[in-house]
Amino acid sequence: MTAKKSVLAALGLLIAALALVATGCGGDDDGGGEVTALPSSSCTGLEYEGEGDPDYLIATDFPMQGSSRTQTEQIVAAVRFELEQRGWKAGDYNIALQVCDDATAQAAKWDSAKCSQNGNAYAANDAVVGVIGTFNSGCAAIIIPLLNEAPDGGIAMMSPANTYPCLTVNLPGGCDASEPAKYYPTGNRNYARVAPADDYQGAFVAEFMQKQGIKSVYILNDKEAYGLGIATTTRKAAEHVGIEVAGFEAWDPKASSYEALMRKIQGTNADAVFLGGLIDENGAQVIKDKVAVLGPNDGDVKLLAPDGFTTQATIDEAGGAARGMFMSVAGVPIDAFTGTAAEYVQQLQEGPLAGKPIDPYAIYGAQSAQIVLDAIAASDGSREDIIAKMFETEVENGLLGDFGFNENGDPTNASGAVVGFTMYVATDKLETSDNFSPKPENVTAAGA
Amino acid sequence: MATATAALHRIRGSSLIDAIGLLILGLVVIWVVVKFAQDPTRFLNVTVLGARNGAIYGLVALGYTLVYGILQLINFAHGDVFALSGLVASTMIISVFGLDTTTGVLLIVIGLVGTLAVTIPLFAVVNATIERIAYKPLRNAPRLAPLITAVGVSFIVQNISLALYGVDFESVPNFIPRTDAVEIGGVGIGWNTIAVFLIVIPVLLVLTWFVRSTRQGKAMRAVAQDREASAMMGIDVNRTISVTFVIAGGLAAVAGLVYLLQFNIRYDTGFQLGLIAFTAAVLGGIGNLTGAVLGALMIGMVEAWNEGLDGTPGGDWTRSMIFGILIATLVFRPQGILGERTPEGA
Amino acid sequence: MSEALSRQVQRARTDKSWWVAGALIALGLAYPFIVDPLRDLPLIGDFVPGVSSMVVMMIFTTMALGLNVVVGYAGLLDLGYVAFYAAGAYVAGWLASLHFEDITFHLGSAVSGDLPGIHFNMWLVLVLAGCFTTLVGIVIGLPTLRLRGDYLAIVTLGFGEIVPQFVRNADSVGGFDLTGGTFGIAPIDSLAIGGVVFRQESNKDDLYYWAAIGLVLFTVFCCIRLRDSRLGRAWVAIREDETAAAAMGVPLMRTKTWSYAIGAFFGGVAGAFFASYRAGAFPADFFFQFSVFLLCMVILGGMGSIWGVLAGALILSYLDREGLSTIGSKIQEGGLDFDPTKYQFGIYGLIIVVMMLLRPTGLIPERRHKIELEEGVHDTPFYDVQTEGAMTDRDRSDD
């Protein structure tokens, strides 16, 4: 009892003292209108180099740890570069930036707890008027509804990389009936993206497989929003172009070996395997076991993967086993960008990304930042109006070509990079293998 | 009277439980036979893979079962010591010995033996140190205290791996070819599979011989049976326990290298694999060396059947099935397949 | 024993510490109003947790108190407490979201009436989640509680692994989407009073915070009452000497099952509350480390000690939410490249080991527990190899 009492008393005294000091300091508060930084548990400090004090805050939300780090760091660098170019202003408003991380060090990939923690933090901060992110569709599915229900009409969110179709549109058969409505509890939209959804990529992969003469494909997925989404659209598009889908199942990222699974695939005589998922999900072991059981990737059984694998890390981690593997990505290769985008690439190479090979995602990041900043500039400063202006955006001759947004927040009337896709083949690095836009009827089939 | 009814109740209760257990077991056996009949080639191919993985789990399971046999302590940290040893082995192979696919066979053998020459003593010492620091002071504490401590130690070792190696997977090139060494009627047995068994079987035999026939092994069994009586007979109890941990640490180092030669490894590999191996040890009868390897082989095969055959729940249910086996074993036959009601050294 | 306890109760009733407790509660309730000036303080200002962190800290505290009933009171090691957290969160998902979109059923919910899915009043959902996890606790407990302590720990660990895997994989149970797979269930309805939906208010965190304070106070109240009840004394008796307790007529299985069930109840309520606060239940949140994190709170504070666990839980959950990252940023400002959040579980592991070795009774020991640990218990000691019924307590009579 005495121990309890003394501890309680000590706690009481401590808190009373704190409260006293608090009321004493309360008067020093230098007035409202000041931007409070987002919590340091996820975000780096407030960045602002403009004049005076910032009026508003935009946040980037990406996994800053793990295999996708090379890409996300470039996106963030491009966003920061864009703000610097504009003198940290959007129209009349001074804009500060915070870089938030939705990955944990232990998992080295995005983490659902971190995503919801971040989403809640944005929603609770009056100064946040725009979020650029996320990288992973699964994380977007968590953050979008939180921002949607934020006070004063929700917070605008713009993703340079999310490709899961059901975030914005209900593809019958591919999405739950409550998608995408469940991501927008208020009924109003607040989310748009510049990345073409996976019905495009699925169609692209299917057409590419057709070109390669593949007759039968076994599709694996990681069960996550992104992996399952791309696996489903690829399956539909493949069936549409006349490729048999020999099997469709999940791989467990925590398993130590996939050889038994590959034996099962061998039993179906599929001549290609497609991996819908991320390299971070034990992808390297999947690739190695594929080669061990089904032979090299340039042999009888091809190996294909979507943009979750399209990074140098795949080749480094899988070693020789990745050789000959095909990996797709939205957009054109960085050396095929033309006009504005080519100049921008030049600027990035001279500026913040000097000495690094520019990743196409940097351009997507810059385009996202431009749209959000333009929307803020054109708005009356309210969250609601910023969202409205974001949806009214018409990009002409922009970094990703010409496009606008439909009411779902997907790019529309697009031409240029925004609908193009590239297929890389792995050697000791990623080499461009093919580059085209999928046929509209296949895109429709992939989404149907 | 009350005791009599209770006794009756107990007998009826346990025979019901046994009946349910037997029924489940019977269904599994029938299912396996049917699957074999449907496609013998694939069934055997998948079984071989499962047996190989199981043998690797068995190496880890031996470490659990040794320590449990003598201390009745589930040494949670064993899995993480194993993972750390695998990571250290990857450094040895790649950075110190500089082996790659172009290295000649002789040099590879020298390199691998050299790696073991470093990791076995290193992790034997690490494991014995863990025992000295974390478990020894708790010998007379309530039973759960060392178990809780072991969980804490497991986290610490895991984070040491994290600090040293980060979150990325480490791997080494395929030194032992994964191509088939023997092929009979479409059923292939890879060189790597043979290599794994060439390591696991001798290790099991030597260990069994050690525990059964050497002076030290007899001391271990004596300590396992009755610590006070052994002390009275002049056995140095502390030393015997230390030796057990030394052997378990050495086994972890062997398992780490064998695992590394097949699979990717990273800082948290030890947790999952540790649980699998522990399940194997319980299934085989914890405290029983042969049982640990037998249980591990069975776990490996169940895993492979589930992933490689048609009409199964599929790979994402594998781990749930393994924990299901763990719980079922503890409920239906807590002494395991080979275990007797009293766990002893061997 | 009962004499000592009743004396203790009597003393507690008249004790002035209740005034201190009252003042603490009042200060706790006022926290949202003083947090801003506190955060402006020099030096310590950066270390003051925000209200949103405080909400989560309260939720974790509730869970730790629930775990304390199992580990601290009854002396059963539960390494899979996260299973109850998951169960509670998913009950909230089933009963208060759009998940079952084919059914439209509303019961006192604050969401608009034409929204598909099952929508119970969120407060009711908290209770139902607690009841459901209690059932889960009983179902898990009945076949396993007969096992010896360390085996029981492993079985609970097994369940703690199976439940998250089940919710991850049960997106197609015979073609029926039960749990939403890796997507989890989101959004889950907000708490609401009258027409005030917490999540749509600009002081959402404050509202949730006050509700969470209520949750913790309720849990603490229950824990005190339980500790002093007949059941609570039976738990202590079992913890100290199972055989003697059984000989004195304490029904072992029933008493153990109750501890499991009641511990589970709080886990479920807290899980549902958390799911509502963060608007979702996701399978990736439920991992073994979290169970150990909660266990670490109990051990740090002192097994069986309500005030100790309260303190342990607040300290560790503060570290988890903000403390470690704040300390980390200070370290990094100091020029050292070290990120303590990366090693948080290693730090918890270290705390466990250090506490077990140096101060197994915890920061604020519970009196009886301290005596047990200092004077030894009549429980079968760790080193003693059992000769019969070594693996189970099956032989021990239940009635």
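Every chain is named by a letter (A, B and C) in the order it is written, and numbering of its residues begins at 1.
As a convention for this text, contacts are C-beta pairs under 8 Å (C-beta built on N, C-alpha and C of every residue); 3 or more make two chains touch, one makes a residue touch a chain.
Since this is a predicted model, take the numbers as computed values, not measurements.
Student: If you tally contacting C-beta pairs, which pair wins, B-C or A-B?
Tutor: Ranking B-C and A-B by C-beta contacts puts B-C first.
Student: What chain lies farthest away from chain B once each centre is taken as the mean of the Cα atoms?
Tutor: The chain lying farthest from chain B is A.
Student: From the Cα centroids, identify the chain that ends up most central relative to all protein Cα atoms.
Tutor: C
Student: Report the inter-chain centroid distance for chain B and chain C in whole angstrom, where each centroid is the mean of the CA atoms.
Tutor: Comparing mean C-alpha positions, chain C is 32 Å from chain B.
Student: Quick check: how many Å separate the C-alpha centres of chain A and chain B?
Tutor: Their C-alpha centroids are separated by 40 Å.
Student: What are the residues of chain A that contact at least two other chains?
Tutor: Answer for chain A, listing residues that touch two or more other chains: 105-106, 223.
Student: Send over the residues of chain C in touch with two or more other chains.
Tutor: 168-169, 289, 342, 345
Student: Find every residue in chain B that makes contact with two or more other chains and list them.
Tutor: In chain B, the residues touching two or more other chains are 162, 316, 319.
Student: Write out the stretch or stretches of chain A touching chain B in their complex.
Tutor: 65-66, 105-108, 223, 249-252, 254-261, 263-264, 266-267, 282, 284-285, 288, 292, 317, 319-320
Student: Where on chain C does chain A make contact in their complex?
Tutor: Those residues of chain C that touch chain A are 8, 11-12, 15-17, 20-21, 23-24, 27, 30, 34, 36-38, 40-41, 50, 52-53, 97-99, 101-102, 116-117, 168-169, 171, 177, 181-184, 186-187, 199-202, 204-205, 277-280, 282-285, 289, 307, 311, 321-322, 325-326, 329, 339, 341-342, 345, 364-365, 367.
Student: Help me check something: in the complex, which residues belonging to chain C touch chain B?
Tutor: Residue list for chain C touching chain B: 75, 77, 79, 143-144, 147, 149-151, 153-155, 157-159, 161-162, 165-166, 168-169, 288-289, 292, 295-296, 299, 342-343, 345-353, 356-357, 360, 372-373, 376-377, 379-383, 385-392, 394-395, 397-399.
Student: In the complex formed with chain A, which residues of chain B make contact?
Tutor: Those in contact with chain A are residues 39, 42, 45-46, 49-50, 53, 101, 162, 167-169, 171, 173-174, 178, 259, 262-264, 268-269, 272-273, 303-310, 314-316, 318-319.
Student: Tell me, which parts of chain A touch chain C in their complex?
Tutor: Against chain C, the touching part of chain A is residues 1, 3-5, 7-9, 11-12, 15-16, 18-19, 21-23, 25-26, 28-29, 39-41, 45, 104-106, 111-113, 116-117, 120-121, 123-124, 126, 138, 141-142, 145-146, 149, 151-152, 176-178, 181-182, 185, 223-225, 228.
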